[in-house]
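Heads up, the next two complexes both have chain A, just with different partners, chain B and then chain C.
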Partner chain A sequence: MFGGRTALLLRGLRPWLRVEPRRHRDSFRDFTKEFDKFRQKAKGILPGSDWTPLPISRDLPPEQADVVIVGGGVVGWSVAYWLKRNEPQSGAVRVVVVERDLSVSCLSSARYAKASTVLSVGGIRQQYSMPENIQMSLFSANFLRLIDEYLHVIGQPPVDVQFNPSGYLFLASDETAAILEENVKVQRMEGAKVSLLSPAELKKKYPWMNTDGVVLASCGLENEGWFDPWTLLNALRSKAISMGVYQSCGEVTSFTSDTTEMVTQDGEQIDFSRIKYVNVHMPNSTEYASIQCSLVVNAAGAWSSKVAEMAGIGTGPPDSISGVKLPVEPKKRYVYVWHCPDGPGLGFPMLIDTTGAYCRREGLGGNYLGGISPTEEEEPDIQDLEVDHEFFQEKVWPKLAHRVPCFESLKVKSSWAGYYDYNTFDQSPVIGLHPLVDNLYFATGFSGHGLQQAPAVGQAIAELILDGKYKTIDLEAFSFNRLIKGEKALERNVI
Partner chain B sequence: MLKIILPTILLTPTAFIIKPSILFSSYLSFSLLIALTSLTWLNYPATTPQYFTDLMMVDRISAPLLTLTCWLLPLMVMASQNHLNQEPLHRKRTFLILISILQALLIFTFSTTNLILFYIMFEATLIPTLVVITRWGNQAERLTAGTYFLFYTLASSLPLLIAILFINFKNNLSSTMVLQMIQPQMMETASNSLLWLACLLAFMVKMPLYGLHLWLPKAHVEAPIAGSMVLAAILLKLGGYGIIRMTTILHPQPLNLFYPFLILSLWGIVMTSSICMRQTDLKSLIAYSSVSHMGLVISACLIQTPWANTGAMLLMIAHGLTSSMLFCLANTSYERTHSRTMVLARGLQLVFPLMTTWWLLANLTNMALPPSINLMGELLIITSLFNWSMTTIILTGTGTLITAIYTLNMFLTTQRNKLPNHLMTNTPNHTREHLLMILHAAPLLLLILNPSLI
Partner chain C sequence: MAAPTLLRQCRGIVSLLYSSSRYNSSSTSSTANPAKVGVLQYLCNRFYDIETFVEVSRALKKWNLHRNNRFCIEACERYGYEVGAAVFVLNLKGRIRAWGQNNWHQNSITKWKDDLNFQRLEEVRLEAIDISGSIISYNGLDNLVNLKALKYLDLSRCPNIDDWSLSRLTVFRDTLEELSLAGCPQITERGLACLHHFQNLKHLDVSDLPSVQHKGLVRILLEEMLPQCDIVGMGYGETEPPVEGATNRREMEEHPEAAINLKAREIHT
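Then we have the complex of A and B:
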């Protein structure tokens, strides 16, 4: 009788009836459960817990900070780490790093989806033409060598950045051989260990290479190679957080500045401004907060010019100082990974061809990665990070196959694209203060070298902030003033 | 008396009514008038005491503190003008009402003879201060600071309430003037010690004594400038005043009771001055130096010799002015750089040379440089402590030395170091700020000429 229709009826009514299965109710167990609940609640209210009657949203940044670093890539975290490391007493400087690409809960983007750091190829080299670049890379190589001493956090496993010291090999054709030789001279003066090779020596050392058109080659013997950028970023981050740096997830949308208008002797009006508040917008919500700050460091990478415009840089009339924009633009670069079973072996360095194509060994399974910087006309669209496979077929493969004949047969396994924070003026970084905005420091425009120069740049900015001048490496050549004067600090060896 | 109490109470409705364009200026002039009138309290005619009624009196202990309180009100308003500028009108009015209520309560506290009224006013001053700290403070930590501030004082003053009520019921009156003439009990019972402890614990926390001082750095750092000024200058002295009054009633002393407090306060001088040497936050440094100076005052009040009491009074007034001036100076640099860290706001002599004069003056008086009244107070206290026991000179001497070290360090770091590149453009010093400093420094310097006013 209680089957069939009645059961169906009951089943249909179940959402309303909520008939629970019978079980033996143990009053004592209920009581202990209630007691546990009470104990949990009491623990939350007693002093020592962080329950407050006015709950402050956990994710909002602090209301006041001494230094706000806009951008949580490797440069931003390096600045934060060095500030904490160099501060005169522990807890002296309050540092907040604001990064927008962090939310794990966000639907579409994973963490650091677009940051240049983690999409980088991870190479480090000293073969530059500017002495400052060489010094920065040397410092960074030393930093990476001693990374466990610098960045070790008690209780965590030692930091292993997987440095492959295979070196860079630059090939020069007729036109570029003289420049290569000059550069090597500068590099040797700065203390980099670089050797020059003739085509015969090249053939002996690297039998897989086709030395057509190569007149000279320079090969880095020490402190050059590649490493894992994600490890470096995470190590810097965890060490900095353990030293007291606050990390805040949010996007900096504007600055609130105090502006003083002054008139020069010629009657021209100049506005000096000072950033008072950084307005941060929380991800995926309409919440926003403002951080009262004393200093702001622009380490926003490919998007630095947007941040600079928020401070009013580049928004004045075109022929005035305030009209000089920060010429950093995102430029998309592709990296392709392929498998070649009879490719060059372990000794394969980061090869940079006369044409500008580059490739290196990736891992130990016969995989290689490489790419080429497109010319001005072929610059890809920067809206998204989609990879153009035709680019590999037409531009990269022929050149690499010409240079390394075993690459004639290969299979592309994967590819990705990342942004360079490309300085369109002279492809050199912009580091230091702006003449008109009092408390905005730049650490951007690295044009593809940000990862390898990050430890040195972090230390330089920290020295600027805490001591007022560069102490270890003099980076005065990279100040913003050269953009105003129009003097280029050209780095000729940009890959 | 009434000529000061009535205007102070009526400042509250005044803040409601003044039209917004002249809100600050007229409030300021009213409070300055009251301050000038309060100077009449400092007249101590030898023949007939002037200000005595049933419930209220102003004698040589209350008068300097009362004058300091009334003097500080216009200074607080001047100092807060900048950060209150952007607030909506009703918040400005609320702020002014709060500090005028606080002012009235403080005047009552200092001038009453009745112990129960004293207690009520003592507790009532906590409320406006709490509101000022938690509402106008700058950081999220101000909530913790307010909680610490409120509950430390509240918890320690409950025994005070019971003790006062007990005294009242036992002697059927609670006038301090009469109570000190009643034949004191000579028994050394446990309940007598408890009574002694209950009476003085609240004031120890307020001073603060070294072991109970945790609320002070938090409250001072998180409070807005007016809150810091009134906290450092007056509210701490409430404790000292209370100790002086209570010990006249609780006399004589069971010896073994006040040893812990004396030792804590003397040791606290050395400890907190040492903490000051390592401080990076400017306001925190000034807060800890307050604890250090007040340690001297506690030890002087506890040994109750005439020289010690005089020294305590001198040091209280001198420290009130100096500490308030230091907070105002720290605030001028904070408003421009938005950072209290000393290392980020240094080399200011190049940018604000005239403010350096005031920095120098405040730091010199903080160090107890002769002939300032800070020195005279400290000298009297140290000498009387030495007379009481020879070994205290080790602690007080070390304290003086370390005070000089960190004060000079503070001066040199904020004024003389290399000017950081990010401090090139700053708003110049307003006349208001210079006026503020002069009004702090003038009494300090003039009192050198006639310290017997205190």
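Then we have the complex of A and C:
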């Protein structure tokens, strides 16, 4: 009987399934058409036009929540996902993610126009000097590998982050070779698969390389490479929403807190506070919504010190605990894309030169991308995301062309800039509770490797919130307390 | 009682996913076509317990895969990794050949033991493994990665071998001479790139890899990357027929220049 019914169902479906006739599309023509449509749309979104692809969502955020996450970049959504995944019973934790970039409009690609997540180059590596960073990145690699098991939403195509397992190749000069070797020892101890190469081996393996000044190199064999950050962000977001996370378009502008005064034995007065309400400015209106909440997670990336300030962090007198700022600042980083038809081929890894310049292959068509972190004096203005093309000519190109001589002739095709959520104190993330604001958690300050650590950090914060302690990876070394004590958690391999 | 909420949620996901694909700024046009939404989603929207069914069947499949790819810990502990690997391969109906042997073995491990001329099982070194058509996965490779002298590996038609698994094979980079990946549906050109570690590879079979894009170009790039190696199975002139319903993203990859322009645009808008 059941069989009969299925047959019926199928028969019923058949004509419906055939709605679109099979046809071989001329993909290029289609593409230009799509592109034109896109351009029209993009124009429509610019200020001065009243066009919107969707009625702007007027949905107010829920009035109260257990956890409010400020910032819907990859870190924010990862925290949201892990909170839902680890909640003791379904629906036990009410989570809201507040993101201001969505407000541009809910369907355009201009969304996340500034979020670092979508402006990154998508690299993942285990070649760090701190065991915590190596463990996080190993965890994330595993997460990316099993991403479809973690983030599959029913009825949707499998999640594929387009991982390129091409590895990172770090080059070390005379001065840095000893450090490199030491780092590799730590990496291997933590279970990363890294091999050391001499200049002769390098030359043999990578004939396109000029090994002048290279004394030693380390090359990641597994779990290193690059992937598509959009896919990761969208997959985390879709999954989290399918599990019941609320998303709210709007900007967090202030917190309403309760303060308790306490006096220490030495007579010093300390103010403990607790955030009661998160005040969200709704897009395109003068409306404000308040979310009553028990916990807040600061995952606002490069802007997280502003969010910390809203909670009074860093506003106290200079040598008190409340005077310690969250030392995370936006730092502009350029990425250039160039074409070089005779450039290195399929075996080209993510190359990190002795000078700190990096580059990698982008696709198969002879395109490459790369850049370098400017020195402190060269730090560009952070008002906008304009790209300085001279920077490539003067700082990036000479270094790369020296290392990879075939890059001497190349054509820059495009470029973009994004903000590192840069920790000026020690270039390491700040993770965990604040000592004085006792319901504010940090997950920020990743200084250029936040994308790859997001899955691990999300889990860590979820553990802190739900279990009160780290269970998988101990990230105590990155707590806010180190800033107060002035102890640096120094990571040597910051690119 | 939960049904209405669930239903609402299901619909919520659909609309969300349509808004989420990266370059798909014009996806609204395709939303209108119900066939593209997928039968499953259609059913999901109406019957909320379909989700549970699907989850259970996924879990079952996963469990089976996991069970078959377990690490043969007892054999490894008693006789070392080489014998452990042999046990694993034979369990999956594969074939093995040890150094010094002339013939492949695919029967029981005890029979293989009788055939060996070694006095001690611990001294055996596997030279060749043919595990084609099996359900070996990334985790199953745990059993193989400690082999000391593997020269020949046939992974053809293994549905669970993916790019991540390929990067695990780099442990054999100094010994491996022949590798077959023919007919592995999950392998893409991204994974093939990590074969550059295999300096001693002499023979590579990459025929019939449906997920590899731009086969002709990849063939040339592979040859350039592995000059010492004989590559078979991927023609220079091979181009794949246009995929019906290819996502915008794929098309974008075929026109990298445009993709990059788009990227630059996105930032300005």
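Simple rule for what comes next: the second predicted complex is superposed on the first by the 431 of 495 C-alpha atoms of A that agree within 3 Å, B and C clash if a C-alpha of one lies under 4 Å from a C-alpha of the other, contacts with A are read in each partner's own complex, and residues count from 1 in each chain.
In this text, contacts are C-beta pairs under 8 Å (C-beta built on N, C-alpha and C of every residue); 3 or more make two chains touch, one makes a residue touch a chain.
These numbers come from a predicted model, not from an experiment.
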Q.
After superposing on the shared chain, does chain C or chain B touch more chain A residues?
A. C
Q: Using the touch definition from the top, say if A:R145 reaches chain B (first), chain C (second), both or neither.
A: second
Q.
With both complexes superposed on chain A, which partner does A:A200 reach: first (chain B), second (chain C), both or neither?
A. neither
Q. Now for A:D467: first (chain B), second (chain C), both, or neither, which partner does it touch?
A. first
Q: Classify the contacts of A:V263 with the two partner chains as first (chain B alone), second (chain C alone), both, or neither.
A: neither
(Q) Give me the intersection of chain A's contacts with chain B and its contacts with chain C, in residue numbers. (A) 54
Q.
Touching residues of chain B toward chain A in the complex: what are they?
A. 138-140, 143, 278-281, 337-339, 341-345, 418-427
Q: Quick one: which bits of chain A touch chain B in the complex? Just the residue numbers, please.
A: 52, 54, 56, 62-64, 66, 87-89, 91-94, 258, 260, 272, 274, 276, 292-295, 433, 438-439, 441, 464-469
Q) In the complex formed with chain A, which residues of chain C make contact? A) 9, 12-13, 16-17, 19-23, 25-26, 28, 33-36, 38-41, 44, 50-51, 54-55, 58, 62, 138, 163-164, 166-168, 170-171, 173, 189-194, 196-197, 199, 213-214, 217-218, 221-222, 224-225, 241-242, 244, 246, 248, 251-258, 260-267, 269
Q.
Quick check on the complex: what are the chain A residues that touch chain C?
A. 13, 16-20, 22-28, 30-31, 34-35, 37-39, 41-42, 45-46, 53-54, 106-110, 113, 119, 145, 149, 152-156, 162-167, 193, 204-205, 221-223, 225, 228, 230-231, 234, 237-238, 241-242, 244, 337, 345-347, 362-365, 367, 385, 413-417
